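Before I ask anything, here is the structure I am working with.
In this document, chain identifiers A, B and C correspond to the written order of the chains, with residue numbering beginning at 1 in each.
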Amino acid sequence: MKNIKYLIIILGSLLLAWLLPKSYHLVTDIASPNIFTYYSSIDKAFCAIEFDEKEGHLIRKNIKTNRVYSELEFDSILPMFYSTQLFADGRMPKSIDGIDINPRIVNSKKFFFRVKPADKNKPHIPLYTLFESMSGRVRIEMPGDVFRLRDKIEFINPETNEINTEKSEKFNHHFVKRGFQFPAKMAAGNPSTRKAYDEGYFIIDNMNQIFHLKMVNSMPFLKKVPLPSEIVPEYILTMEPDDRSFYAFVFDANKKLHLITTDSYKLQEIPTPNYDVDRDQMMIMANPLYWNVNVVSSRGKEVMALHADTKEIADRTLIEGQAVGTNYSKYFLPFAVGFTSGNTKYIKPIIHFGSYLVLVTNFLLALIFVFIIRYRKQEFQFIPVVWIACTGIYGFITSLIFNR
Amino acid sequence: MQQAIVECKNLTHYYGKRCIYENLNFEIPQGRILGLLGKNGTGKTTTINILNGYLKPRSGECLMFGESSANLSPETKRKVGLLIEGHVQYSFMNISEIEKFYSAFYPNWRKEAYYELMKLLKIDPKQKISRMSCGQRSQVALGLILAQDPELLILDDFSMGLDPGYRMLFVDYLSEYAKAENKTVFVTSHIIQDMERLIDDCLIMDYGRIVMQKPVNELLESFKRYKFTCSNPGYIDEISDIYNPVTIKGNTEVYSLLGKTELQNLFAKYNVSASEILEENLSLEEAFIGLTGKY
Amino acid sequence: MTNALLFKEWKKTKWFAIGAFAVGLALLAYIFLKLGRSFRLVGLEHLWDVIVNRDQFLFRDLKYFPLATGFCLALAQFVPEMIQKRIKLSLHLPLPNKKIVFSMLGFGLLALTIIFVLHVAIVLAFAGIYFPKEIISSIIYTILPWYVAGITAYTFMSWICLEPTWKRRIFNALIMFGTLQLCFLTDFPGAYGLIILAVLLIPFYVLPFGYFSVQRLKVGIQD
């Protein structure tokens, strides 16, 4: 009887530990003032669009010199970002830093690459579409099957839900021949027909080797990427850039980022701010002159400008902003339970703890509770008092309601 | 002395701050039919609820067959037949289903007793109880209790919603059964006429207390109404053994357990000038009103 | 005796249980017809593609069916007990109270489980024809929390019905809504994959609550 009551109180407290901080967030959350940062190939400094609290509107400025620009001026300061606008206006310089600038070069070298933790941490159905890479057609067409990679590679025909044994064996033979160790740890590809060309999949096998899989003229193409021994790949994202200069980004076990280049699969390290693929967001905004590498983490937003050709650091800065994650009334709410997070699509319980000072609040609440049960002429109960001392306001509210 | 089937010891109950009663004590010996009489709100249902274990009294306890009523064992529950207020039964069953249902719980189930009563109702065995009249439902509820053959019957306000024919049928059946089988019965009703034909002992409650607890015969033999003319009725209030004196235009009515001679002696002692004292015998209903007042 | 008790529960809920099953079948028929149409119009290859690469889920219409079934079953079973305090009759049956209450709740759980298992079996049998095991397992992880929500809704609603006071019923309902939310946190297919076992335990955690309210009723707590 008493035990059931405690079960109810525990459940009620946990629900409050989830819903109270959530409501607190709903009321108090504010957007980060920094909206956009980009390295200016003209000013040779980071420029930003920010929300100005005093002015009450967006301002555009050079964050090194604090010079404020008009919208029109800002286009010319960031010619690579606003290239379409400048080409349309005829305001684009013919060359910058000795590099010829024309629409073809800009468009082929300009790309956006974004990685969010939730892209990696999400439920994924392990079926993959392998396109024909040399179909001779301009448009990529659906291949009529998908493959699975477990202890072997198998192609399945969606229309019949049956395995294409012949094709499976043909490919599997190749996998064995090339020394692929099943099962695969991950396969990265871009299964979309809306792209200029197809480079298939980059697959990490059970021995942490990377293989490049394509289908060329209906035949398997499987190549092992030569990896330096110190690189243990953890996560790969492929890209099919217009200039065909690289295949994929590799995040390794030492939290370093590498490119798999199209130059015989050579790896090139990309300097980045400290980055954790499971917690932080990364965005690379590339142009023919500089790569902007942005990392948003609990420290704020760190931006780095790299020379596009050498990937050497040209400049870097940290924009301290609102920290991501733990933000709730630390002295009142002892902890916060969450089930969803921006870092994962999975539902799983997460607990954030507040400050130790909340124990003072908890102790006071436990004391108030003791007085209340005295007033209600109930007998002293040890367990609810201890529970309130641990769970503070959550246990207090539920005990008041359910402990009569 | 026969063994008491029900024993209530020092029952005290309050609803919030309102006192229902304090230190209520009574027992029901085996084979007796005890009627609990009281106006609305004097705690009849409270007592029944405590007895059935659906209410925990503020203090005191109630024993049935020696077990605390708050926590009856299945064996004891099997020995108790329960009629809840309004003859409530599982109305989603029909009369043969409900018979089959209950028969599973009681090894001494007396199917014939139930169907004998059902025959009188002239109801199709497939008819659902929810479609029956209140009177018919009361017979189903009674029939089930008779078939259960319990040692103790607890009936809460059995007369509620019944027309006179069904009330009489109910009382006749019940009293015949209880007498023949030597059953113990605890019954409440607000129609006291019915009780007179049924009960052996009565427990009369008023707000916050018991006013009388006696066998009915004894009560009716000794509890009388006296009518007389009186010039100084104010003095009567000082006499403690007189109930509910009322004087209208010099004609006074009092109720008392005292005999006529004893009353006259008391009047003399308290200087009450009463003449033409008329002694009247009472029905149970009149006695109830005499004890609890009209209001 | 327990059989008789189960018979009583069956009498109360028979039409509801059959009805819920029929509604469930109708819902499945509707979903299957709708899917059959997509198979013809866009083809299975495209459907597989949007399921795998664009996180589409084909059985979203099932989402609230178990929840509604759980609510209604509890109401069908316990409202007749609470009207005119019929529960007093049930608790007076010559069995221990615990056994009476948990037999009643057990009946409801069993009835729901049968309805749900048949329902899920039909879904999976259908899906098994058109989809590979990878997609089937994603379907299971996605719909399971909904069915658990149905069973949880049943246990909570029984608790609310059996509770003798209205004030406490409201608090119970708040706890119910909070807890049920846990089964509907996201629409993303397979998102419960990591904690599915914990989700399965929720109804068992809640089950004894009903007995708690019966105990409150036994000591005569009322409005």
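Going forward, a contact is a pair of C-beta atoms (placed from the backbone, for glycine too) under 8 Å apart; a residue touches a chain by one contact, two chains touch by 3 or more.
Chain by chain, the UniProt names read as follows: B = ABC transporter ATP-binding protein.
Note that the structure is predicted; figures quoted are calculated from it, not measured.
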Middle chain, criterion being Cα centroid separation: C
Chain whose mean Cα position lies farthest from chain A: B
Top chain pair, ranked by how many C-beta pairs fall in contact: A-C
Chain A-chain B separation of Cα centroids, rounded to whole Å: 78
Between chain A and chain C, centroid-to-centroid distance (C-alpha), Å: 36
Distance from chain C to chain B - Cα centre to Cα centre, in angstrom: 47
Where chain A touches two or more other chains, by residue: none
Where chain B touches two or more other chains, by residue: none
Contacts with two or more other chains, residues of chain C listed in rising order: none
Chain A to chain C touching residues, read off their complex: 1, 4-5, 7-8, 11-12, 15, 18-19, 122-129, 142, 144, 146, 148, 156, 158-159, 161, 191-192, 339-340, 345-349, 401-402
Residue ranges of chain C in contact with chain B within the complex: 1, 3-4, 7-8, 11-12, 80, 84-86, 88-89, 91-96, 217-220
Chain C to chain A touching residues, read off their complex: 43-49, 51-53, 129-132, 134-135, 138, 141, 171, 175, 178-179, 182, 185-186, 188-195, 205-206, 208-209, 211-212, 215
Residue numbers on chain B that touch chain C, as the complex places them: 49, 52-56, 70, 73-75, 77-78, 80, 82, 84, 86, 88-93, 97, 100-102, 104-106
